[in-house]
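Quick heads-up: structures coming right below.
You will see two complexes here that share chain A, one where it goes with chain B and one where it goes with chain C.
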Partner chain A sequence: MAELGRAALLVTLGLVMYALVAGAAGAHLGRRRLALSAQNALVAAFFSTLVASAVLLGALLRHDFSFTYVARTTSEDLPTAYTISAFWGGQEGSLLLWLLVLTGFGAAAVRLNRGWARDLIVWVVPVFAAVAVFFAFLLVAVASPFVMQAAPADGAGMTPSLQNPYMLAHPPLLYLGYVGLTVPFAFCLGALLAGRPDERWLVATRRWTLFAWTALGIGQLLGAHWAYVEVGWGGYYAWDPVENAALMPWLAATAFLHSVMVQEKRGILRVWNVLLVILAFSLSLFGTFLTRSGVVNSIHSFTQSSIGPWFLAFIALTVAISLAVVFWRLPLLRSQTRLESPVSREAAFLYNNLLLLALCLTILWGVVYPLISEAVRGEAVVLGRAYYDFFLRIFGLPLLLLMGIGPLIAWRRASFASLVTTFRWPVLAALATGAALLVLGAGSSVPGLVAYTFSAFVAATIVMEFARGTRARKALGASSWPNAFFSLLGRNRRRYGGYVVHASIVLLAVGIAGSSAFDKAADAKLRPGESMAVGDYNLRYEALDERQTSNATEIRAQLAVSRGDRDLGTLEAGKNAYTVEQQLSNEVGIRSDPLTGEDLFVITEQIDPDGTVYFRVFVKPLVNLIWIAGLVFVMGSLIALWPDAREQRRLVERTREIGLPATR
Partner chain B sequence: MALVLAAILAVACVVAVALPFIREPEPESDSLHELDEDERRRLELLEARDRSLAALKELEFDHRTGTISDEDYRALVGPLRREAATALRALDGEGRPTGERT
Partner chain C sequence: MARKASPARLVIALSVAAVLAVFLLYTSIAGGGNPSIAPSELGTRTEKVQLAGLVVGPVRGDSHAGGLRFALRDIGGKHRTRVNVLYAGSVPDLFKVGRHIVIDGRLRNGVFVAEPGSMITKCPSKYAPKQDGGPA
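== the complex of A and B ==
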């Protein structure tokens, strides 16, 4: 069936090339049928890519090792779930997933918006197609998943650390995020090419951007939890280039989601928004490049991967063409109004944008610095954790504070007296929290204390906004308090969904500050029967167990845990020895306290043949708030994402008022 | 078998792409509807109208909740009302129906 896969990819390449050329010609010449034909080509490209994907998935599930990709990424004994995840585990498969999601999103976005933005859609299609041409070309000519070989008896298997349930969801979510950012990019560039940079491209892409941003956010949190439980170094985020690859477009998209509100409310920041969308998309390409080119595994050359130079060329071309189009359309992007006061909601959003962008570019510099230093000095210099942590504090803490300030200031301008009235309770709450924490001993870490204090401020503003809004809705005739609350959410999902997302960021900040600024660590080499202490905990090494599973031997150290006189049960930590892959993986032991959110985290650094184990143990206060923040983040995003029928009606009505015909 | 399936796929895709030409071999008009200057101006006015009305609605609610003080409300409501009125007058002045909102 590899022939079918190859043919399907060739068909996809032909279709997207046609969509690019015919779409651009149709839009430029004003030819309706040609433009519609290009739209159909984009939709058909999704289905042909789906056929190629089905062929690869079928080969994986059949363990057909005559497919080089299948033999390289799986083995006969690999559990079915991980066999499926091998689809995106290797370079060729993940590129195929990119193309599948891209053509799927393109087809859906075009279909969903053609009723009221048809004049934009005709230019959006060739932009989508241009991106798809690049990925289809890579899959056809450079990195095909359908290369065949004489089938070996068994495959090479999957890297043990990837054999984890998180790997079933983490990479696809990141890809949904990366590819999702193509939608705002295509609509933005399409609107510029069409010469219609009005609000419609923002409205058409608002939910797509939010969806991509949510997927990237959740994907990163799942990745962090995977690193926490699987990689076994005691943390959840190491500022690794691949982790940063997902964080950078997320930060740029966060900035865009805020500044787009300023354009919608005040009609300003139009050039800024366009640039942010281009940046977010370029960073999503850069993220895919970092993850897939192999350049981060060894920064010495691009020879490790054949797709690296292609990606760099495409990113450079994307940025150059996009900026040229922006420059060409600058006269159309001029704002008719201006920032009236530095103390206003739009100004707060602008400060938030500047800080987000500064953090994003700082991280980008940290990622590319080893490449630049190697090119210039012949020696790769890697910027370590201290660099990133420093800038996270410098930019992140003011960002946290602004999250509480922005939503409570009036648009246009706010008076000093009004600021005092508005912020007195949140400031008092923050100061009281800071003072209480100082008394309780949290002063050992100044950034941690500041983060807690700012978090209290933001939490107070969110609670205040919900309380005031619910009270107002009750006064406006809601039959009960719960009705008033849900009516508040339903009438302005974007705003109050945004507050819920802010609450999740507060939980995240508190979790990060607690687990990184106030954690405790200890290590010891123990024989069975010996004990060690860390924080309030006492751990006694009882015995070493060994058991066999379908594809690995599990070695586990049993630890009896107690705190003071209280027995807290047994904790297991150890290693897995994978038979086919001939590799070891760390399997950490974690005991979570549901009341305090604290984790006791045990790593077996080394297990000697005589049963002696070298343990490394951490106590991580409040770390579980980070994972709870993920759930709150999803909830807030869903509230904001929920379709608003009134808004759709308003847009269709507006289209009718101009006299644009409905599309069939 | 694989090659037959591939051929079917290719033919189906070609038909899908050619569909607009098959459905309308000789259309009355094959031109895309382009916004003229009047329509573009009208779109801008409609956006300005909707922006002002949405801002007014938000301001009223924020004032009711207490997020916006009386002083700020008084300073902001006037210009917003004027902007909305300007957009509505300009839309009326163009002599076309402007929908239920107006």
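== the complex of A and C ==
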């Protein structure tokens, strides 16, 4: 079977190389049949990659340990779901998944758009093919998933902490996001190569970008939730290089999603958009490189491997070629119109872009700083949490504010009078919220208070927009208020989906501010019967239990929780000692308050043989809003993503009106 | 082509200046982070550093009472230099002899006194084969 897999990968490599060469030649010489055959080769490459993937999946499911990959990542008694997840667990498998998704997305995006953007597609195909050639080459020559060995009796198995439902969804979502960013990149570069950098590549890839961005966002939130619930150190994001690796392309894509609207509406920021797409794609490659090469110290250590230099070379090549193409086509990218006023919606979008980019680049700087300082000073210097937290506040808080301003301010030029009428109520609402919170004692953290005040402002603008729109639909003859509301959502999915996403970001900001700026912590060494207090909670350590399960000894401390006079029941926290792996894992106790979104978070730091337990306890206000934000985020993205034939037609019409160059 | 100065350019130029200013502000207030070094490179340096190394036993003491004592040596193992460490605060589950850890602290009287709660252990390698006591 391994031969079949290897052969399928070789065929894929051949097909994508053909698609690259024939596609470029066909496009350059204007030979339609040649270009068409390149397109078909890309589609065929998807199917041959599918065959290779099926072979690997089959080997995993059969527990065929003569496949080195299978033996290294699974074992006989691993549950089926995790056996499947081993597909993307190891390096070779995840590269294969990458190639599969890449060729799949490529084939689909090319098929869907060839009708109305044929002159772009001929150049998009070779760009897709070039990226695919890189991954196919790695899979064939450097990191083959089909290396064979004499089958051992059992595989090495999977680390217990990864045998977890989160790991079924978190990595593939990140991959979908990373790979999805190839689509706008390929269309952008294709449009430039074709000499047709009008707005069509944006229209063609908008949903793809949105999809990739959503997947990346959800993947990260799932990772954060996993860290919070399973890893048990009391946090959800540690600014670790590997976490940052996913955050950076997400930020760049967020900037892109916004500046695209400015280009569609006003025809400016064209060079900017092109550069953002190149940045987002390069960062997604860089993320993979960081994860897989082990050049920086991370708490996530993956199997370190030889693909690092290849990736670095590919990233350098991508950036160099893309920038050369942009430079070459710079005359075509000149905008017809200009930014008219620094107080306008396009300007607000520009500020938003600059802030997102600044945040993205400071994170990048922090990630590579150990390498740079090592090269310059001969000693790696690590920038810690303080660095990232500082810049998150400096750039993140104004970004939050802009989220309220951008969608409401007038295009082109906003007058002072219009600003007053538009923002009167949101500003008052924000000030009232800020004042009320100050009275309630939120002044203990200035950034936290500012975040809450800005969040109130944004929330007020969103509510206002929905109210105004719904009223308008009602006046236009919707039969009932709910009807009016839903027809509003349906009429302009992109806009109102965007507002829902904004609402989720507000929830996220409130959750992060609450749980990081206003949290309380306490620790104490308690003997059974003793109590400790944290915030207004009181915890009495009752007893220590020990249970034996099939693969671990579970030690649990029982805590009676109360607040004031109210008894809140018992909470369990403890450790699992895994017998085979000889590994301890913290099993934290979390009590969520459904009304306030507050968590009581208990870690048993140390359990002594005499039953004394060293507890660390956090009170994290509003932390559950972060997870709710994830659900709202998905909802908003789905609304914006949902196919909308009318809108697509309108966009196509508009790009027709803008007019295409009359050549060819 | 003669173009009137566009507000866009002004905005971008000002923003870049603002970002640089913020950056300078940060580095002047918060300093530039800690050097990350291996135990063999510590020598007699006494400034605050981040030490990344391999835990060597015996591990004695109580991290919540008087502190945990152990030694660190280089990962990779060309150097046999050991640094004695005193650590208080929370100990990650994965901490044990043979693991890679990272801690912040400074050298005092020949003992590396770690900042409480600064210990990070590296996750056992995601999907690598088991190795007895070896690097994870």
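As a working rule, the second predicted complex is superposed on the first by the 611 of 664 C-alpha atoms of A that agree within 3 Å, B and C clash if a C-alpha of one lies under 4 Å from a C-alpha of the other, contacts with A are read in each partner's own complex, and residues count from 1 in each chain.
By our rule, a residue touches a chain if its C-beta (ideal position, glycine included) is under 8 Å from a C-beta of that chain, and two chains touch if they have at least 3 such contacts.
None of these values were measured; they are calculated from a predicted model.
Peer 1: Putting chain B and chain C onto chain A via the overlay, clash or fit?
Peer 2: fit
Peer 1: Classify the contacts of A:369 with the two partner chains as first (chain B alone), second (chain C alone), both, or neither.
Peer 2: The answer is second: A:369 touches chain C but not chain B.
Peer 1: What angle, rounded to a multiple of 10°, is defined by the Cα centres of chain B, chain A and chain C, with the middle one as vertex?
Peer 2: So the C-alpha centres give an angle of 140 degrees.
Peer 1: Let me test your reading of the model: by the given contact rule, A:386 touches which partner, first (chain B), second (chain C), both or neither?
Peer 2: Once the two structures are laid over each other on A, A:386 reaches chain C alone.
Peer 1: Check the residue A:3 against both partner chains and state whether it touches chain B (first), chain C (second), both, or neither.
Peer 2: In the superposition, A:3 contacts chain B only.
Peer 1: Between chain B and chain C, whom does A:502 touch in the aligned arrangement: first, second, both, or neither?
Peer 2: Neither partner.
Peer 1: Give, as a whole number of angstrom, the minimum Cα separation of chain B and chain C in the superposed three-chain arrangement.
Peer 2: Least C-alpha distance after superposition: 19 Å.
Peer 1: Identify the residues of chain A that lie in both the chain B contact region and the chain C contact region.
Peer 2: none
Peer 1: Could you please specify the touching residues of chain A with respect to chain C in the complex?
Peer 2: Of all residues in chain A, those touching chain C are 72-73, 86, 89-90, 156-159, 161-162, 233, 268, 297-303, 338-342, 347, 350-351, 354, 358, 362, 369-370, 373, 379-384, 386-387, 390-391, 394, 523, 525, 575, 583-586, 603, 605-606, 614, 616.
Peer 1: Once bound in the complex, which stretches of chain C touch chain A?
Peer 2: For chain C paired with chain A, touching residues are 6-8, 10-12, 15, 19, 22-23, 26, 30, 32-37, 41, 50, 52, 62-65, 90-94, 100, 102, 104, 120-130, 136.
Peer 1: Would you tell me which residues of chain A are touching chain B in their complex?
Peer 2: Residues 1-4, 7-8, 11, 14-15, 18, 26-27, 30-37, 40-41, 43-44, 47-48, 51, 118-119, 122, 196, 198-199, 264-267, 408, 410-415, 417-418, 421-422, 465, 468-469, 471-472, 475-476, 650, 653-654, 656-661.
Peer 1: For the complex, give me every residue of chain B touching chain A.
Peer 2: Contact set of chain B toward chain A: 2-3, 5-6, 9-10, 12-13, 16-21, 24, 27, 29-35, 39-40, 42-44, 46-48, 50-51, 54-55, 58-59, 61-62, 64-69, 71-72, 75-76, 79, 96-101.
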